[in-house]
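We call the chains A, B, C and D, going by the order they appear; numbering starts again at 1 in every chain.
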Amino acid sequence: MTIEVKFFASLREQIGRSEARLAASEPLSVAEVWAQATDNAELPVNVLMARNMEYVDSATPVHDGDEVAFFPPVTGG
Amino acid sequence: MTIEVKFFASLREQIGRSEARLAASEPLSVAEVWAQATDNAELPVNVLMARNMEYVDSATPVHDGDEVAFFPPVTGG
Amino acid sequence: MHSEIREQAFEPYAELLQYQQAMQAAGRYGATAVFVGSMRDLNEGESVTAMELEHYPGMTEKYLQRISQHAADHWNLLDSLILHRVGRVEPDDAIVLVAVWSAHRKDAFEASRYLMEELKSKAPFWKKEQTSEGERWVENNTAGY
Amino acid sequence: MHSEIREQAFEPYAELLQYQQAMQAAGRYGATAVFVGSMRDLNEGESVTAMELEHYPGMTEKYLQRISQHAADHWNLLDSLILHRVGRVEPDDAIVLVAVWSAHRKDAFEASRYLMEELKSKAPFWKKEQTSEGERWVENNTAGY
């Protein structure tokens, strides 16, 4: 299965890219997506996660074709 | 002593005038100003009272030259 | 800090913009909270065609000035503006404009609400509505909380 | 009910007036509560000369739409408007406009505050400030309550 991964803001700069595409042979959680997309970097404590543009937590399962995003605390408004 | 009395809104219409001038020979409270200015009409329960444009209660003493106003609950904004 | 009684109709957003530009506080306020009260054409189930807004000249101005000062003392504000209409008012006319400028939103939100609640509960204004059934004094302002 | 991301500077009060006229709800709203967030030229003690506002295209719009719908479900509203800027922003520019129209002030006040608090705490936007000391990501939005 294929998973689109996105990084935003300071996290994008730390990781050095804004997008990644994972090809996985078995079901993954959001945390496992992070690990595979970042060469097992540590998941930052305050990171926010979304699957298909909805907030989720790191244990949420990810499906083929999903878009998973990681970003720091938001600072709009 | 001379006291200026004012009535506003529905109270003005009930009483039939917007202003009165009292000449009193002895110290008066706001309640006594009302009684003298209205021929002893009953003080409405929800009436608001001001002396020199500051909210007061009916027991507040009134002095020579004061302006005393009576009006119904406010409905601005 | 300014408060004013208006005898003529005013366009609240044009007033806001003009006042804000004259403040010369560009870059210092991060938060502007605004409330506009407008005349509805329906009240308590009846169609209202116009309204006469009475006030207590002198006391009303003093009261608006006092609540503005209280807000400035209590919250961290850069400026505030209150405009309130009197006289004959028609549906959709602005009745009241309250605006508060602050560095931060908490102060702006709280102060604008404080000003409106104080104004509605204590500033000496009275509304007389003209409805299809004739004239009637509005008897009570609802509490906003 | 409308929410929108803007890539160009906007004048909030002109936008408000235009949106309100297009609503064709004259006489039905008695209360309009508005919040405008503007860029300050000072943050955490440092002079800020410009800001880059990033968002998550798709999710941000969806989130703004969702909180607008939630507000409409929870309070008695006639309409609401959210505009939020992205891209390069300069001091005094409007960053966000939130406006809520209701028959009564309680709903307007509460819903406008709800929208701002939700937007600040969860809508995916990020600010990078340019200061005299270089660039820095803003790390946290303060809680507004």
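Following the convention adopted for this analysis, contacts are C-beta pairs under 8 Å (C-beta built on N, C-alpha and C of every residue); 3 or more make two chains touch, one makes a residue touch a chain.
Keep in mind the model is a prediction, meaning the values are calculated, not measured.
Visitor: Using mean Cα positions as chain centres, tell me which chain lies farthest from chain D.
Guide: Looking at centroid distances, B is the chain farthest away.
Visitor: Indicate the whole-number Å distance between the mean C-alpha point of chain A and the mean C-alpha point of chain B.
Guide: Each chain reduced to its C-alpha mean, chain A and chain B end up 71 Å apart.
Visitor: When the centre of a chain is set as the mean of its C-alpha atoms, what distance in Å lies between chain A and chain C?
Guide: 48
Visitor: Provide the C-alpha centroid distance between chain A and chain D, rounded to the nearest whole angstrom.
Guide: Taking the average C-alpha coordinate of chain A and of chain D, the gap between them is 27 Å.
Visitor: Mark out which residues of chain D touch at least two other chains, giving numbers and ranges.
Guide: In chain D, 37, 105, 116, 120 touch at least two other chains.
Visitor: Going by the touch rule set out above, which residues of chain B reach two or more other chains?
Guide: Residues 77 of chain B each touch two or more of the other chains.
Visitor: For this structure, give each pair of chains that are touching.
Guide: A-D, B-C, C-D
Visitor: What part of chain B is in contact with chain C in the complex they form?
Guide: Against chain C, chain B makes touches at 6, 8-10, 48, 50, 53, 55, 69, 71-77.
Visitor: What part of chain D is in contact with chain C in the complex they form?
Guide: Residues in contact with chain C: 11, 13-14, 16-17, 26-42, 91-92, 103-106, 108-109, 113, 116, 120, 142, 144-145.
Visitor: Mind listing the chain C positions that touch chain B in their complex?
Guide: Where chain C meets chain B, its residues are 37, 53-56, 58-59, 62-63, 84, 95-96, 116, 119-128, 137-141.
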